[in-house]
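Next come two complexes, and both contain chain A; in the first it sits with chain B, in the second with chain C.
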Partner chain A sequence: MENKKTQNITTVVGIVFLLLLVIVLEQIISPTSTMAMLLTVTKKSAIYAVVAVSMNLLNGFTGLFSLGQAGFMLMGAYTYAIFTIPRAERDAVYYYYDQAMELSFPEVFGNALGSVGFLLGVLLAIILGGLVAAAVAYVIGFPVLRLKSDYLAIATLGFAEIIRALFQWTKLGPITNGANPLKNYVRLNSFKIEMGDTTIGLSTFTTLLFATICIGIMVMLINSSYGRAFKAIREDEVAAEAMGINLYKHKQIAFCISCFFAGVGGAMLAMFANTVQANNFKSNMTFEILLIVVLGGIGSVSGSCIGAVLFVFAAEWWLRGLDSGKWLFINAPGVLRNGFRLVVFSVGIMIVILFFRRGIMGDKELPYYAKRIRDRFIINKPKAGEKENG
Partner chain B sequence: MAENVLRLEDITMQFGGVVAVDNFSMEVNKGEIVALIGPNGAGKTTAFNCITGVYEPTNGRVTLHGEVIVENHPQGKMKDLYKGENNGKYTNVVSHTPDKITYREIARTFQNIRLFKALTVFDNVLIAKHMRAKHNVFSSTFRFSAKEERRMRDEALSLLEEQNLLHLKDSIASSLPYGLQRRLEIARALATEPSIILLDEPAAGMNPQETFELTSFIRQIREEYKLTVFMIEHHMDLVMKISDRIYVLDFGKMISHGTPTEVQNDQKVIDAYLGVVEDAED
Partner chain C sequence: MDFFNTTLPYMLSGISVGGQYALIAIGYTMVYGILRLINFAHADVFMVSALLMVYAVSTYSVMLFLAIPLVVTLTVLLGFTIERVAYKPLRNAPRMSVMVSAIGVSYLLQNLALYITGGLNKNYPTIPWLSDSITVFGAMTKRVTVVTPFLTIALVIVLVMLIQRTKIGTAMRAVAKDFETSQLMGIKINSVISMTFIIGTFLAGIGSILYFTNYPGVTPQAGAMPGLKAFVAAVFGGIGSVPGAVLGGFTIGICESLIKGMDSILVSVGILKEPLELATFSDAFTFVLLIVILVFKPTGLLGEKISDKV
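== the complex of A and B ==
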């Protein structure tokens, strides 16, 4: 018990430290320097981490192999964008359609309550994004959750593609803007404090804080009695049922919550990007998330976070040079051409999967390894046979 | 009159053309230890699965404490395929998922141990407490039902202590030796707070010493948890010593029932089963 407490305190202290560090970095890194990329990839990693953990909640902790993530992210992103585009901008965005939606949460709440209201409106739109995804998950859960492993994967994958097509349908244009992008909604760069002529940018901090809260809630769920029931289902459905766990009910809860956070992640991704367009939420995105989950370790939350950071940092930053002729000290414009990054990236992933079969973290969490390292190197454990009491 | 706990009436389970359990009727009274024996493939486990909601029997009725928990009659394609008796006797359909049956205080163990392998001994027992806890996913996640969680943990711990498993509470279930895995499975079943426990070959895979201890162990849990016991077992020493009554299945049909002495001296049982067991043991 004591051990658990110290672990929790260490985790919280670590996260607070990280958040403070990000605030500082955000002020000292100039947007034009090469290090500005650090902030961008940090934001994207945090968002991907939320979605990866949400996928892990299903695949790793409940044993449900679902591949619908991109579809639910799409719903979250659209919901968020639709409800945050300011009225004045709507005509410009919905150029080809008579827009049906006039409501902008940040505007409405902002007019009433100032900047607090603005934040509240943004938050509401994000949560609504999650709720829409969860509600849809609830409905498609009825047919889909009765399917077994591979069939569930195929059904959810297909469903995500249908959603993508549906959102581009011209009949829905007045709401979704058809195949055209949604833009001019509230983005991450609105999160800043302006005092005279100094600006304190808080977009990276806000993203990280929000991601932490989302992942924190999922961790609390996993460690609750319901989380244990999910693990029981993963371990053995027949035994779980015999222990009084209603399979369908618990699968549905896990599915809805996972999709809620995928929706929230989609909303955050919308805030991160400049536009929302259905075509960006292809099954490719689901496989990126799946890769992160497998890379980090199926059944490990910290694994998913580490996986997200490694994946996004490598794909968007560290390996960039491979496409543009120069990488580290190698200068070979002939070989390092467009697309070479993907080759290196795939080889790297194959190596990881071959040598860390169970991902970087297996199904263990960070504190487990921290403890093992401490036990091995720092604390001089009495050797076997020398223990107290003989 | 002894108080009836579990009653099976004309239970028939037909898989395609195979009648695994054929018109089986029986009852278990409060506080009894009743055994179900018979050769391999006789339909014993299938009978358990019909009671616990894993299978829906083709025909027949199961009653628990006077409440019908399972009832069915041949329907659809089975109407023509049905080879059993008493077609038309039952008209209602009562069917529950296994968790609802467990909730009605029937617990079970499995012939080939089904623990939550990758989880700890403590978590295995704690999971069985989930069903009766007063919480929902929201209160449980945000720790509004912390009191309930503490109660579940305390109860699980004291159960482990009673079962002499407390020192193993942080071990991974699959790392336990076979005999202890069986004990853990029983402990986990007890955690669902049953009034009747169904044990499917509790002695399978145990060494003679462990099998010997099982006799007093089963009697002991019956006293301590005020249980009724219904068990499938192949070890005749154990069965004869412990059972109040015995039912014998052969090819799905009940061929005999009665006290251990009656069953032991029944020529049909000797021909179908006991003779074979003794031959095998020689």
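== the complex of A and C ==
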């Protein structure tokens, strides 16, 4: 028990330290320097981590193999964008349609309560994005959750495609802007504190904070009695049912919560990007997130976070040079042209899938490995002491 | 008569694209029947096959009558290699790992295609006899539209004969029925599985020639949609069943094409006053069909009933 307490304290201290570090880094790094990439990829990987953990909750902890993540992210992103475009910008965005929505949460609350209201409005829009995704998940859960393994996978994949088509339908244009992108909504770079001449940028901090809260809630869920029921369902459905777990109810809970956070992740991705367009949420996006989960280890939350960081950092930053002809000390413009980065990257992923099947963390969490390393030192120490005594 | 004239072109293209889906779907259904694996890479093999044709004809100017067998052979080789490299080492792993591996291969093939083509749309070469325009009951179309259903049916009959009458076909059925017992009976499952992939990719190669003759270009993502639809066709018809895959392929092809034309058909009949832009849903419809069939008859139209063992 004592051990668990220190573990929790260490985790919280670590996260607080990380958040403070990010605030400092954000002020030091100028947007024009090469290190500015660090902030961008940190933001993106935090968002991907949320979605990856939400997928892991379903695939890794409950054993429901769902491939609909992109569809739920799309709903979250659209809901967020629709409810945060300021009224003045609406005509420019809905150029081809008469917009049906006039409501902008940050604007309404911002006018009433100032900058606190603005923040509240943004939060409300994000949560609404998650709720829309969860509500839709609840409805489609009725037919879909009765299916088994790959049938469930293909049905959810198909469902994501239906959503994508629906959001591009011209008849819904007044709300979703049809196939045209949504833009000019509240983005991450609006998060800053202005004091006279100095501006304190907080966009990376905000992303990381949101991500931490989301992942924290999911971890708490996994450690609760619900989480234990999920794991029981994963191990053996029949046995779990025999132990008195209501299969359908728990599957539905896991599905809705996972989709809620996928929606929240989608909303955050919208904040990160400049525009939202249904065509960007293809099945490839789901596959990328699945690969992150596998890379980190199916059934490990910290694994998914590490996987997301590695995946985004490698794909967007470390391997960038492979596209532009120069990487580390290799200089071969003929071979290293556009797209080579992703080839190298996908070969790397195939190697992980084939030879390191358990991923980075397996189904263990970070503290497990920390403890193993510490144990090794503790075991070694008395031995050294004995020798001195003898 | 007006109704007939508006519907016919959509019907024709539906039958044609349905035949092409059927050819791809057979690859999915056979692999699933034996390995219980959704081979996500199958769609990308289909796309790579099209790219091989583009490069063989346009870049290396291989004569067309040589290019077709060459491309089909290379496609088969690719399918065989994928099975040996990415699926065989995972034979005893959980099914999810193999599926993830298939997704990984699909990702790799798409990225490779992206690198080689530079993401540009590559024009598919014109195949003289197939691309000729002909007129059927007053509707203009390409000859491939008419050829596809017949070729599909012919190939399927040969395939069914192969499965029912030959030794390797019997082995395939045995492996599909019970993996371990057939191994005990002395069937070399690895060669049976390889054979399955060879047949599947061969048909996908043929399907790719027919499909892209009707479409203007090949992009790295060109395989994804037809691949998914073909998989749905396989599920619809009953996964593991070859005639089922064909039935599913034609059903989905025709429905999809009719939905593409639904606006003009409904307007011509007089049900609708103005178009509803329903064409957006032509892709989505396939998945609605999938969810409906999975809910009401999870084994598909012609699939065998599976009982769960505890």
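In the analysis below, the second predicted complex is superposed on the first by the 378 of 390 C-alpha atoms of A that agree within 3 Å, B and C clash if a C-alpha of one lies under 4 Å from a C-alpha of the other, contacts with A are read in each partner's own complex, and residues count from 1 in each chain.
Here, a contact is a pair of C-beta atoms (placed from the backbone, for glycine too) under 8 Å apart; a residue touches a chain by one contact, two chains touch by 3 or more.
Bear in mind that the values here come from a model prediction, so they are computed numbers and not experimental data.
**Q** Once both complexes are superposed via chain A, do chain B and chain C end up clashing or fitting?
**A** When both complexes are placed onto chain A, chain B and chain C end up side by side without any clash.
**Q** Looking at A:V139 after the superposition, I want to know if it touches chain B, chain C, both of them or none. Which is it: first, second, both, neither?
**A** So A:V139 meets neither chain B nor chain C here.
**Q** Between chain B and chain C, what opening angle does the Cα centre of chain A see in the overlaid model, nearest 10 degrees?
**A** Computed from the C-alpha centres, it is 80 degrees.
**Q** Does the superposition put A:N338 against chain B (first), chain C (second), both, or neither?
**A** So A:N338 only meets chain C here.
**Q** With both complexes overlaid on chain A, does A:M195 touch chain B (first), chain C (second), both or neither?
**A** neither
**Q** Does the superposition put A:I28 against chain B (first), chain C (second), both, or neither?
**A** After superposing on A, A:I28 lies clear of both chain B and chain C.
**Q** Is A:I349 contacted by the first partner chain B, the second partner chain C, both or neither?
**A** second
**Q** Applying the touch criterion given at the start, work out whether A:A232 contacts chain B, chain C, both or neither, answering first, second, both or neither.
**A** A:A232 contacts chain B only, not chain C.
**Q** See if chain A has more residues touched by chain B or by chain C, and give me that chain.
**A** Of chain B and chain C, more residues of chain A lie in contact with C.
**Q** Under the stated touch criterion, which partner chain does A:S149 make contact with: chain B (first), chain C (second), both, or neither?
**A** second
**Q** Least CA distance chain B-chain C after superposition, rounded to whole Å?
**A** Minimum C-alpha separation, chain B to chain C: 9 Å.
**Q** Just to be sure I follow: which residues of chain A are touched by chain B in one complex and then by chain C in the other one?
**A** In the superposed arrangement, which is not itself an observed complex, chain A uses residues 238 for both chain B and chain C.
**Q** Which positions of chain A touch chain B when the two form their complex?
**A** Of all residues in chain A, those touching chain B are 217, 220-221, 224-226, 228-229, 231-232, 235-236, 238-248, 253, 257, 363.
**Q** Looking at the complex, which residues from chain B come into contact with chain A?
**A** 52, 54, 97-100, 102-103, 107-108, 110, 114-119, 123, 126-133, 135, 137, 140-143, 149, 152, 188, 191-192
**Q** Any idea which chain A residues touch chain C in the complex?
**A** Against chain C, chain A makes touches at 59, 65, 140, 143-144, 146-147, 149-151, 153-155, 157-159, 161-162, 164-166, 168-171, 238, 282-284, 287-288, 290-291, 294, 298, 337-340, 342-343, 345-347, 349-350, 353-354, 357.
**Q** Taking the touch rule as given, give the residues of chain C at its contact with chain A in the complex, in rising order.
**A** Within the complex, chain C touches chain A at residues 36, 38, 85-86, 89-90, 93, 95-97, 99-101, 103-108, 110-112, 114-116, 118-119, 221, 224, 228, 231-232, 235, 276-277, 280-281, 283-284, 286-288, 290-291, 294-295, 298, 310.
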